[in-house]
């Protein structure tokens, strides 16, 4: 992937940090399976499965740990 | 999601921090599957499954690590 | 849940800290499935399954990381 | 459990720390299923399953993180 | 493996750090199964499975925690 | 296990640290199932399964976090 999609881990607010964690989680998937058509076909498999959604939320939680530490937890 | 749902990771007590960890876990699910109707239908799938409940508790535990660190573990 | 069940993450000993980690793990389950009757019915599903027990032990381990850090590892 | 099994997280060597991590992982299981007879019957289920062994090794790894941090990584 | 593939955890940007996390995740697989032919055959099994992709993204997230901490989160 | 296999978490390079993480992951398995014959029989079960390899890579990633922190990320 030649484009710049992650210039920094710093965000203005915790909520933007959480959304960056989602981006990181999705990028982890896309690097593993770059074909957008395949990804689109797989979407119902996890987005309509309770286990799949919990697993997705777990990856987001792990990435949110990283982003939160990077931002000193937005302690201000 | 345009609304502000995460203005801060700081909470007054560990228990409120734990409840924020639950909110973060649920938000991870909702960002992945925004359709409330689908989410409602999936609920019995994990809330009445031992594996599903343990998995949910694990995501909460990971998010609670983040919230606890943000609050310096409420050491006072 | 209106009651106060988590006033502090500080415990006198590592063992009490481990037991607090168990409490946190169970609370994560109870917040997700508050119905005690359902929880009782699900108990054999994980308490008599090797995978279920390992998964439960993993959630405890994650929460024990949090409690241990909060207590500076009881280094004295 | 009335007995004292975890007086400290401090160990003399990394290897003893790893063995303490194993103890913590087993205790997490025993607190969840205290019946020794049931535990004995479940043993083949994970000790003779590749997935079960990897999962057991993962819980040990998580607990070893805690013990290692407690001991300042035995940096001497 | 005799070649040097990991001289440093330091990267110039977060994005390069994320890509290093992917390398670490793949190396973990290759050390366990060094036969490239077998790995090639297994690829469709996870790259075309929603669960497999989420699991892959999770390993990347864990390794990205390590790389991010090593780089002080590229705080500059 | 009476032999000394883990005298230190310190390694000269990140790559040796990664290899130590692999050793730790395997030791976690061996402590749980010490019978080498059984382990040999189980090998195809995970080394030829995409899920098994991803799970193995995840345990390595967790142990690599520990080894990396112990070595201050080899920042030099």
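By letter and in written order, the chains are A, B, C, D, E and F; residue numbering begins at 1 in each of them.
In the analysis below, contacts are C-beta pairs under 8 Å (C-beta built on N, C-alpha and C of every residue); 3 or more make two chains touch, one makes a residue touch a chain.
All figures in this text were calculated on a predicted structure; none of them were measured in a lab.
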* chain B to chain E, fewest steps along touching chains -> 2
* Asked: Going by the average position of its CA atoms, which chain sits the greatest distance from chain B?
  -> F
* Whole-Å distance, chain B centre to chain C centre, using C-alpha means? -> 15
* Structure fact -> chain A to chain D, mean C-alpha position gap in Å, rounds to 31
* Structure fact -> Flagged in chain B as touching 2+ other chains are 46, 49, 51, 55-56, 58, 62, 65, 69
* Asked: Chain adjacency by touch: line, ring, star, complete or other shape?
  -> ring
* To do: Could you list the chains in ring order, beginning with chain A and heading to chain E next?
  => A, E, F, D, C, B
* To do: Sort out for me which residues of chain D touch chain C in the complex.
  => 4-10, 24-29, 31-33, 38-39, 42-43, 45-46, 49, 51-52, 55-56, 58-59, 62-63, 65-66, 69-70
* Asked: Mind pulling up the chain E residues that touch chain A in the complex?
  -> 13-15, 18-19, 22, 46-51, 53-58, 60-62, 64-65, 68-69, 73-75
